[in-house]
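Heads up, there are several structures right after this.
Two complexes, one shared chain (chain A), two partners (chain B, chain C).
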Partner chain A sequence: MKAIEDNNGQEQSGWALADRQRWMGILARAACRDLEAFLDQLPDSGGYDFLRLPEIGLSMVRGRAGGTGDPFNLGEMTVTRCSLRLADGTVGHGYIKGRDKRHCELAALFDALLQRDEYRQDLFARLIDPLEKKWLEKRHERSRKAAATKVEFYTMVRGED
Partner chain B sequence: MYVAVKGGERAIENAHKFLAEERRGDKDVPELSLDQIREQLSLSISRVMAEGSLYDPDLAALAVKQARGDLIEAIFLLRAYRTTLPRFGFTTAIETSDMSLDRRISATFKDLPGGQVLGPTYDYTHRLLDFALAAEGEEPLQAETADKAVEPETPRVLELLNHEGLIEQAAAGNDQDCEVGDLTREPLDFPAGRDIRLQNLARGDEGFILALGYSTQRGYARNHAFVGEIRVGEVAVEMVPEELGFAIEIGDITITECETVNQFKGSKKVPPQFTRGYGLTLGHNERKTIAMALVDRALRAKELGEEVEAAAQDEEFVLSHSDNIQATGFVEHIKLPHYVDFQSELELVRRLRAEMVVEQKQAAE
Partner chain C sequence: MKSTDMDLKPAFSDPVMDSTESYRVIMQAMAKPAYAHEFPLEMDVPGKIGAAAGQILLTMADGDTPLWIAPELRDSALDLWIRFHTGCPLVERPEEATFVLATPETALKQLEKLSTGSPEYPDRGATVILVSKMIKADSGPVCSGPGFKEPRRIDFDGASPALWSLIGESRMDYPAGLDWLLVSGQSVAALPRSTKLEDTTCM
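The block that comes next holds the complex of A and B.
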């Protein structure tokens, strides 16, 4: 497992960087109401303070010439970010597409909780894994609709042999 | 020259009230919700996001509603809104090869790995008005679902040509220390790099880009294009926030991509190979994206040693006139009061006419 130096200088461990990237990506894609619903089931986590209040801004989306060549600026998208600190000092960050401040706050809160050993396993099992499954199923379902529009070419036999 | 014109306050205020009432239309007809606009006018949303150069379907829906469906007005609203927001940074370049595909077609190869996936397209419809839609409460047709999803690894069509060396290679794609031009930060300057050209075209007016693309097909800047590939779908957007120092995905966006295969070129040293044009837009904008690829290819004239003789090849002409917000600002501003300018012109014409009369009199005497 890889330890990461957080901004507050605290050594974090017990989870791999790839794990955190995964859960942050899943939290960003989750529906806010799903995170909210899960929060109600969670035992009191001791509250948190904002290091950065949820803030709406922009990120410039880059593409590549020819799809694989040099980068260029395609256009911007709205992004919301926030940072908070749990009572024990764990810092969580939220970065999400769009302008839903509450969603961003909850993403940061769960990012912090997921870094804590006493929460992680339970959160993976009851929150992150099901959210990922939901997201992938939705994507898979759409892809199956696209696949149904795939052209099946067949060759006509002309004339007689 | 402009002068302060006073006395219009009440007229303006009342005009705005009249506008608000007109925007709402007949109150016996239910009001449109933003959700309805976003879900049912999704191609308007796509155009507003692409040319507003801001991906946010909810804001685009609000803009379309506020603008009474005038998409250029809506684009203007989106452009104005973005100036109120701070920029958090830029994303890692999106990997269009990893797109979750709704649609993927090629006009150059029939049988290709991954196949021809038509997706939700108007192509092959008969363009007959569907009066079933006029009757409200009509249940839409349900999409069919295949047993299997589209192959996750669908190779880029032009890469197939690449293996044989039949097409020019895309530039290396080196991001390290690569300065990427940004029209939202620096004014347009010439000659413009391809990064600036692509950004300009991606946010440029669909009608203008379409007409220019069409002109290349009709023989101005002829470079004989085939659509190598069109892709529509979702890609993950990744950022590296400073406070984290590592990449995270913040969500997915819908994009449209088009690669064209164009007239080949070669020299004594390089055997003939196809050239390419590229189009990429935020949202689902197929017509615009194909036209963009045509114009991108035409604008590469100098780089490819072609003579610049048509409008679509002239980067100063194309890039300076593609932005519909700049264009509408300048074209429409002439309807605003120019009373003093016009007074001075009036006086000039009167004086010239008077002088002419005097001269004619003198000549006659």
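The block that comes next holds the complex of A and C.
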């Protein structure tokens, strides 16, 4: 992790935008019960206030056929978002698919904690990396099961005469 | 991003009920113009605009209502707060704005350019939220029109004959025109374009 400059030209220490995108994605894909279980092991973070209570809405998912076609609206999906602020002023945002408000709240809380230098390393080691591993295994398992059902089609050359 | 985030303050603690309550105050203010109505909810709004202006924006502004803020009211914490909680675009030119946050001083210089709508589309006229130190009821022009049982007077700190005539002129092309919300702390008094102002020159 390296320090980067954000759009305002201010230096952020400790984490880069890409890191945050990664951990927010992992938190969003994690199961709520895993986050909840981890919360109990966490040293006291001093509480937090909501800036935006968890709220459920829709987000348009856009697609592009074959990676080269024109973008089209694939459909809307349910999204829950939430923002909160730790006692020291750090702001965390959570955006998850579905309508689990508690999951969203926890995602925002961990997003805020991960921005703080004293929590980041520990959280990466004990929460983010294991969650990512778990998610990758699950995805691999699914694609392996799907791959097992693959059927090879081929067509014999058909002579008309 | 990280450092400016630190300045972000919360808005309504119960968005649905609080904005409903605030909407009611604004509606009452428009229905009974030139009269100071109080917002019951106290709120810590960043910058110098006060709780009433903050609640009006939280209730009325959204992604479809461009907002122009007068330079002397601009404040990075306020910009961030408005963008985060309302999602409304902040524009650089007053003529593009649906809502305008101004003080009596800027109102005179900048507001001639505001969109007043047209007879076909009077709804495109802008709403000016005028931030002043105090709203007064014992001086100023005599107001009458829809919503008045009998004429009332309204005045505010920083008002000048030139500004009153600008406010008066903004309703000459009725139904096109500007709506004005005078705010000060927790109070709001409306001057919708239907309100007639008399005596705007001799104060």
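In this text, the second predicted complex is superposed on the first by the 134 of 161 C-alpha atoms of A that agree within 3 Å, B and C clash if a C-alpha of one lies under 4 Å from a C-alpha of the other, contacts with A are read in each partner's own complex, and residues count from 1 in each chain.
Throughout what follows, contacts are C-beta pairs under 8 Å (C-beta built on N, C-alpha and C of every residue); 3 or more make two chains touch, one makes a residue touch a chain.
Since we're looking at a predicted model, the values are computed, not measured.
Of the two partner chains, chain B is the only one that A:N73 touches; chain C does not reach it. Using the contact criterion defined above for the overlaid structures, shared-chain residue A:R64 touches chain B, although it does not reach chain C. Once the two complexes are laid over each other on the shared chain, residue contacts for A:G89 go to chain C alone; chain B is not touched. In the superposed pair of complexes, A:K145 makes contact with chain B only, with no contact to chain C. Ranked by how many residues of chain A each touches, chain B and chain C are led by B.
Chain A residues in contact with chain B (one complex) as well as with chain C (other complex) are 7, 17, 55, 83.
Taken together, the chain B residues at the contact with chain A in this complex read 49-50, 53-56, 58-59, 82, 85-94, 96-97, 100-103, 110-111, 115-121, 143-150, 156, 158, 170-175, 178, 180-184, 194-196, 198-199, 202-203, 234, 236-237, 239, 241, 243-244, 246-253, 255, 257, 259, 276, 278, 280-282. Partner chain A is touched in their complex by these residues of chain C: 1-6, 8-11, 13, 15, 84-85.
If you check the complex, the residues on chain A that touch chain C are 6-8, 10, 12, 17, 49-53, 55, 83, 85, 89-91, 115.
Interface residues of chain A, counted against chain B in their complex, comprise 4, 7, 17, 21, 24-25, 28-29, 55-79, 81, 83, 93, 95-99, 139-151, 153.
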